Amino acid sequence: MIEEINELVKEGLLKEVGTIKPNRELYEFSHERIREIFKQLLERLGEKGFYLATIVGTDILKDKKIRLDYYVVVLPEETTIVLRTYVDRDNPEINSILDLIPAALAPECEIHDLLGVVFKGNPALRRPFFVPEELVEKGIYPLRKDARV
Amino acid sequence: MEKENKSDGKAKIIRYTPWLVHFNTGACNGCDIEVLAALTPFYDVERFGIKLAPSIRHGDILLVTGAVTKKAGERLKRLYEQMPGPKFVIAVGTCACTGGVFAKSYSVYAGADKVVPVDMYIPGCPPRPEAIIDGIAKLLKKLEQS
Amino acid sequence: MAIDKVIEVPYALEIPVGPQHPALHEPILLKAYADGEEVVKVEVHTGYNHRGIEKLAEKNSFYRDIFIVSRVCGICNGVHANCFVRAVEQILGIEPSPRAKYLRVLAMELERMHSHMLINAVMAEIIGFDSLFMNIMRDREYIMKSKEIVTGNRVSADYMIFGGVRRDLSSDKIDKLRKLIDRVIPRIKYYKKLFMEDETILKRLVDVGVVKPSEATLYGLLGPVARASGVKIDARASDKYDAYGEIPFNVIVRNECDAWARMMVRWDEALESAKIIKYVLDHLPQDGKAVPDERRLPRRFPPGEAYTRVEAPRGELIYYVMSDGKPMPYRVKIRTPSVHNILNTAKFYIGYSIADLPVILTSWDPCISCMERLTIIDLRTGERRKVPMKELAGGGKKWVNPRYSL
Amino acid sequence: MGKSKILSLILRNLISKPATIQYPREKPWVEPDFRGRQYSDLQKCIGCGLCRIECPADAIAMKKIPGEYEVPKKNARRLFPVIDYMKCVYCYRCVTVCPVRAFTTTNYFELADTQHITSEELSLSTLKKKAEG
């Protein structure tokens, strides 16, 4: 349990939900407050105190939502925590954190290309990045569950 | 794909010093490091007069590794067209032969023979350097007979 | 004669490197913009290697996925398979026997050794030291032979299965392995000394591609790149997966922050791996069956999600596996270290000369096949004053007509 | 490095054998349990098709055994797996899942050819032909 994260929970920015195996603490937050949370993390943990491991985007077809998990590794103990949020599947938009944390470049672009989530404020978003052009022309996002590729 | 320049007699010339060009069309690097290993002291394909050419314009044999992805497929075609004839293509590894485990993916053509004519297939995931030498030797033997 | 042609001189030269290039064996296109000799901007264009593995994994069963994910990257196939297998083991709630855990460590450390030797050899080739390249590659063959003895194939190991490994190690094989490893260790020590003392290497590598510690965390750099910048990230030490909790080893950290430090970290880690391998060979537990019967493994997968980390040769590798109770996974997410180490580093080329470009690229230990399940373009430019070519041509003082007639 | 050291190094390199394996003329440096070509022994095979389902590369197809061969009784459907060696990734998943352990494994790897080759002939050679009559 990390104190700084605990403070954020107390302030109501994060909500403790459970764990992902093996022993990764899971927190939920609402997607409008993403920049606030990462600003707080930068302030409290410092530039050298953590790094963004990855963002996992999952298409939850039955809830009509796209789930975004931000995996943050807190140094020096290397404790992995998971920050989870949901965006609407039909209108997937979330603020980019690229200017705060440059490491978000790779995962944000990847999720944009594979799942179609728009990260507002990220200038590098572009299609086709790697999905073949014929799929881009048809507007298919290959990792969405209803995409037939 | 059918080969255009089937046998015009010129093929015999290159059998003493065939120069290889290696192109990775979306391989997992396994075949690439085995091609590299075939050039190093233990296996040493230079015994056959084979040299890794830096540019496609010098090459006689194109080694293709990897399940040909759609983006790299265009490049492969362009490289093949830029090669001086007589030219030969060797597909190294299961992926380059038929696509292997990636054959059903949405972004691969599955197999180099879908894009360029292939003269020799070397299966294996990845093929041993010995197998690569064996494949090249078999191709050279074929040229001798042509 | 009337002027009929005009050539405009751009302020920066565009130099494409790749995807088929003599200095680069991998399909990536680096568009470097150079002003004279100085690199002012680098764009990383990729996508030549995207095979859609994450979608493929969703469409195949868990058992087939083991072999598909181990073909994400040929060089580090063992760690990919290990990471996926451990994630699914977490969902299933099974644990391999101690002997299997030690054997997994053995296979992964052999992989780390050959990977580090390979990239050091490639670095020697890139700076024009071909005899060193050939020598390192010769000694690397002994490691490949050890891998063949342990796993049955030189490169693609296919060694991991849920609940254990797929091949046991007999005592005469252990003796063979000992001989091979003892043969390689003095050579690695010699190469390390060479990298410390040889002037050619020092001149090309020292103070090239400097990454500050705070930049390493902000840009999410991993593995030897981070450790050479003084950031201690090692999933082996923190997660203690498999048998790493029982095996003593050191995490190598250096503070020089340049390309040379990265290569030295790799040599030190190769030696450390050799130590781990010898420890494993000496302390291999006898109890428990290492090889499970693959015909009796569970066929039902409960719903659940798992997130595992593994220290690949290139850094922290991440697998996220989510199962919804069907025989196929609902979502498999693969995050390889090369994604961050290549795509987020376009900034670090700026300010060095064109000749340093391949050196810096190699010092990240690029593995395009790892990275390219996805692809991104970096457009960050440097915040330094750009001196246009035309100004340089005029000595920087005189005004020169921007158009040169022919 | 002193002069004497260099001299001894030169002498050692003069005497020692070259590192290269003269491969096509010499035997390859291959382990006996290297994962090479595998094929199904039709005396043991029951034609269940589990290997086809489990193959990660879809390299196995089930084929009917031609009429002129004698087939063991346990293989009632007269099916046998044919491995396409150009598709196979040599992971040996088929070998380990086979319920009757019918696969014969070898360390043979010199499979380069100008067309696709399969295990059909090898597998059928394990069967006897029916006596003509």
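What to note about this one:
Letters A, B, C and D name the chains as they come in the text, with residue numbers starting at 1 for each one.
Keep this in mind: a contact is a pair of C-beta atoms (placed from the backbone, for glycine too) under 8 Å apart; a residue touches a chain by one contact, two chains touch by 3 or more.
These numbers were taken from a predicted model, which means no experiment stands behind them.
The chain pair with more C-beta contacts between its two chains, of B-D and A-B, is B-D.
Taking each chain's centre as the mean of its C-alpha atoms, subunit B lies 25 Å from subunit C.
A straight line joining the Cα centres of subunit A and subunit B is 42 Å long. Residue numbers of subunit A whose C-beta contacts span two or more other chains: 130-131, 142, 149.
Multi-chain contact residues of subunit D (touching two or more other chains) are listed as 19, 29-30, 34, 56-57, 89-91. Shared interface positions of subunit C, i.e. residues touching 2 or more other chains, are given as 47, 50, 52, 55, 67-68, 71, 138, 153, 156, 372.
This structure has the following touching chain pairs: A-B, A-C, B-C, B-D, C-D. Considering their complex, residues 130-135, 142, 149 of subunit A touch subunit B.
Contact residues on subunit B toward subunit A in their complex (touch as defined above): 69-71, 106-107.
The residues of subunit C lying in touch with subunit B in their complex are 19-20, 22, 25-27, 47-53, 55-56, 59, 67-68, 71-75, 77, 118, 133-135, 137-138, 140-141, 144, 153-156, 367-370, 372.
For subunit B in complex with subunit D, the touching residues are 41-44, 47, 94, 97-101, 103-104, 119-125, 127-128, 130-131, 133-135, 137-138, 142. Those residues of subunit B that touch subunit C in the shared complex are 21-34, 36-37, 40-42, 54-56, 66-67, 69, 71-72, 75, 79, 100-102, 104-108, 125-126, 128.
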